[in-house]
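Following: one structure in structure tokens, then a few remarks.
Naming follows writing order (A, B, C and D), and every chain is counted from residue 1.
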Amino acid sequence: PELMAKFDARIDADGRIEPQDWMPDAYRKTLVRQISQHAHSEIVGMLPEGNWISRAPSLKRKAILIAKVQDEGGHGQYLYSAAETLGVSRADLLDALHSGKAKYSSIFNYPTLNWADVGTIGWLVDGAAIMNQVPLCRCSYGPYSRAMIRVCKEESFHQRQGYEALLVMMRGTDEQKAMVQDSVNRWWWKCLAMFGPPDADSPHSAQGMRWGIKRVSNDDLRQKFIDATVPQAKVLGITLPDPDLKWNEERGHYDYGQIDWDEFWTTVNGNGPCNKERLSTRVKAHNDGQWVRDAALAHARKQQQRAMKEAA
Amino acid sequence: PELMAKFDARIDADGRIEPQDWMPDAYRKTLVRQISQHAHSEIVGMLPEGNWISRAPSLKRKAILIAKVQDEGGHGQYLYSAAETLGVSRADLLDALHSGKAKYSSIFNYPTLNWADVGTIGWLVDGAAIMNQVPLCRCSYGPYSRAMIRVCKEESFHQRQGYEALLVMMRGTDEQKAMVQDSVNRWWWKCLAMFGPPDADSPHSAQGMRWGIKRVSNDDLRQKFIDATVPQAKVLGITLPDPDLKWNEERGHYDYGQIDWDEFWTTVNGNGPCNKERLSTRVKAHNDGQWVRDAALAHARKQQQRAMKEAA
Amino acid sequence: MSATANYLLHLADNAVVLGQRNAEWCGHGPVIEEDIALANVSLDLIGQARLLYQQAAVVLGGDATEDKLAYFRDEPEFRNYTLLELPHRSALVGYAKSDMDYGTTIVRNFLYSALMVLVWEALQQSKDEQLAAIAAKSLKEVRYHLRHSRDWLIRLGDGTDESHARVQAALDHLMPYTEEFWTDSSIESAAVATGVGVSVPSLRAQWDALVNDALAEATLVRPAFEGYITEGKQGLHSEHLGFLLSEMQSLARAHPNATW
Amino acid sequence: MSATANYLLHLADNAVVLGQRNAEWCGHGPVIEEDIALANVSLDLIGQARLLYQQAAVVLGGDATEDKLAYFRDEPEFRNYTLLELPHRSALVGYAKSDMDYGTTIVRNFLYSALMVLVWEALQQSKDEQLAAIAAKSLKEVRYHLRHSRDWLIRLGDGTDESHARVQAALDHLMPYTEEFWTDSSIESAAVATGVGVSVPSLRAQWDALVNDALAEATLVRPAFEGYITEGKQGLHSEHLGFLLSEMQSLARAHPNATW
């Protein structure tokens, strides 16, 4: 109770909880779930964009794309490290992913079907992710908040790169413009769903708010995203696929249409177009790599034994 | 000795030896070696051309190519059957191929590097094969001679198709013409080597001639092939890559340059550009297919047991 | 484009894509007889595609040709079922030791040819006489495809423990993609309305009977459907079609003015 | 084309082809740190290719650009070593359970970067100042590639029995392809004659020392050479480059007038 009081006080004062600090079990569990889910999202998120590396239409775009996918791997890596400060192992987290127990962002269960998708994912998917993540830079758990500061910085860079790639395409041939429009048509609604169910239906929000793990509500973030994105779409010259999308003078916000939550939940529950494939790709990579990890471990042990023999 | 005399008499009378007939062990062994080597060549020969099926530049050419590669599979299948009439099993023959003990035509250890190679293989490689094989239609062993009649008929068809494909390309764009010339440059000398070493160096020839297994000498066949091919090359409009190639009025034949026998033997002995790859592709296909063959066998046994139970 | 042309393209794209996939076994099959059999299936499908594209080219007029339609249309213009563009591997990792799984090939050929025997049979009555003629020819071919794949389905299902597990995994993987058969598409409805096409949903009971009967004989369990219904026939594909087409079309597109 | 342009293209083609291959591991590596490391190697190589193609475009003049050189040249125009275009699988069937073998990737990166540390070091003295500058930059990168691949070569060689067998198989498979390094090509001799290029055969003893030292530490046996010497740098490739290029160039060639 004394520890609890100290913890609560720190939270209320907007202070940071560090790994060595006492924390309630539910707080620890919630963080492990959230951070590992985020790490998994980065790793699985390498796949849809990685799908286009071999076909990138210029060497410059190829380099940008590889660097971006590499950054996602890096995010995964240090988010796993942040989770490990809470006393879990990466191996256990990966097991949870591979067995289907742990979730990752549902947006990566949709396919990338043309080159513009690479730009759109940067602009809209990363854009939505940043909206979700910027508040987490002030999250109460120190290692997570520091990881998020770095992640957000890099994601913002990716978002600008994605938008720039689309701008270039929109100045190009008719086919290029059509690709961008087709891409935005496919991703727009899915990005709006990324902010999660409406506040009324969101189970974890209240406690998360209390603990400073979640800081802004789903609906508020979604609105903020839409308000920021509509003008960008205009500059780009594409049409967002929502006939109900219009400025509401009174609210000072854009109104928007109904999100298809059935589709969202179908995908979250494992039945999107690519769920099985994404997961099995990860499992295959992990299984195929077993002998490599075994070898590294065996070699390290041999090295150690040799060093001990020499010392003896 | 009585059997041997009867056998010799049959051979001398240009009669056919059939599976149930007595035959000398060396005759049987020579035939098994030759027929299985020919069967293996058909199977391995599916690979270089098969390499272009997925990229055939028109549906018509794709269909022609699939049909051709399929025919090669068919040739392999009935040549294995012909070999089996001599008391060996297909499994044993395949083991010999996969372990590297048995040989196959060395020509298939070269890569197919452009689409024209598909036509050139038809025209030159199949053309050379036909020269080698037509005499075998009169071979002393019945099943082999009958198999060769069918093989030669189909190969002649493939040769005409290959030549026709090249004719169309030579009437096409500069790039197409360049492809054909490049292809012929790469294959010409290798095709001449297909007739085997000069008669002076050919170990099996004499006995093979005696037995009616081999009927025309390597050098004679090679000359016949060259004499037939040079006019076709002229019609096609390509240059055969041999500066020494010219009509010899006196001999009534074309003279030709030196074949690089070192390269030939290097490849025959396993060190051509694709030897390892061709063999490992076959081994992989065989190993990957083990579970399928096992299943077919297991199912057949179950069926049999069920039939026996019902009968009992 | 006319409703008929669109419908012919849907049928042609199905045939060319599955023909391309089946040919990938050529030289790599589990036993030489299967290399030959699958080459034969592929050849039939490419042949069907040619007739269908040719007829589509006639209907479309202008400079359309069978090869322009096969080689110079982009991914979203292709109207094949998503099922047919998938690589030959099972989604279930653990069984697939190799990247080419024969069980997947067999299950797909079975599920598709079980549909097409019904479709071609019905299309013999198509108001488009050319299509009716193509249907009559294709029906004979696809009956053989069905027999071939059904026989193997049973061998694999009722074979060893390993083959049973593999082919069940392939079935679990592929069966959900067959839901696409029964959904409406504007292309199909338009063709049905004019009497050119057949209503595929009306064939469902017969297909179920064909499939369930074979699965029972193969001792396989039909998985319950849940989840995502693919939309390849509407032009919304998986990530696999792009790779298939970029390989298939590479040479033709590198030489747009060439005749082969 | 000038001797310098040809030489730059040889170096650029090497970099782009191996960069393309290494990137295939992105999202599929044995551990996330290796996904990142190989992406990094790939990124360096693509970066080198860009600088080299840019310089080649300057030398060639006209409408040459880095992307025209990378995306619109055909297979026989590519001058990369055959070693670099091979897929990531070992020729030795039986070990390779999967179509992507990390041992093959590591051995290739090791054999090539052991050469390139020497090549780039020497090219710092190239009479072509731009190339000398590219060499100085590339040398730093390739030193890291060598360290990375060498460390893994030792881990795998001196790891488990399985990893030892796999990496030995990869070595047996790939080592013969390195013979191409030491053969003459007119492109290289011309560049050496003008002081732009380096004589690669003159680096052989140093390369042998680097390689033998690492193999000894990895407890691997260097296979004796026999057989075929590849000629990729002369434009005569394996059957693999065509597939690599058709995938790499597909989108760019589908939109020849586009800017990206």
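The rule is short, and it goes like this: contacts are C-beta pairs under 8 Å (C-beta built on N, C-alpha and C of every residue); 3 or more make two chains touch, one makes a residue touch a chain.
Please read these numbers as outputs of a predicted model, since none were measured by experiment.
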Using the contact definition given at the top, which chains are in touch with both chain A and chain B? C, D
With chain centres defined as mean CA positions, report which chain is farthest from chain C. D
Which of A-D and A-C has more C-beta contact pairs: A-D
Note: chain C sits from chain B at a C-alpha centroid distance in Å of 34
Euclidean distance of C-alpha centroids - chain A vs chain D, Å: 34
CA centre of chain C versus CA centre of chain D: separation in Å? 40
Multi-partner residues of chain B (each touching 2 or more other chains): 55, 284
Residue ranges of chain C touching at least 2 other chains are 97-98, 246-247, 250-251
Which of line, ring, star, complete and other names the graph you get from chains that touch? other
Please list each pair of chains that are touching. A-C, A-D, B-C, B-D, C-D
Inside the complex, what are the residues of chain C that reach chain B? 16, 20, 23-24, 26-36, 39-40, 42-43, 46-47, 49-50, 53, 66-67, 70-71, 97-98, 100, 102, 154-156, 158-160, 162-163, 166, 247-248, 250-252, 255, 257-260
As the complex stands, chain D meets chain C at residues 74, 97-99, 243, 246-247, 249-251, 253-254
What residues on chain C touch chain A, complex-wise? 75-76, 91-94, 173, 226-228, 230, 236-239, 242, 246
In the complex, chain A residues that touch chain D: 43, 46-47, 50, 53-63, 66-67, 69-70, 73-74, 76-77, 80, 115, 165, 168-169, 171-173, 175-176, 281, 284-286, 288-300, 302
Note which residues of chain A are touching chain C in the complex, please. 48, 51, 55, 111-114, 182, 186, 266-267, 270-277, 280, 283-284, 287
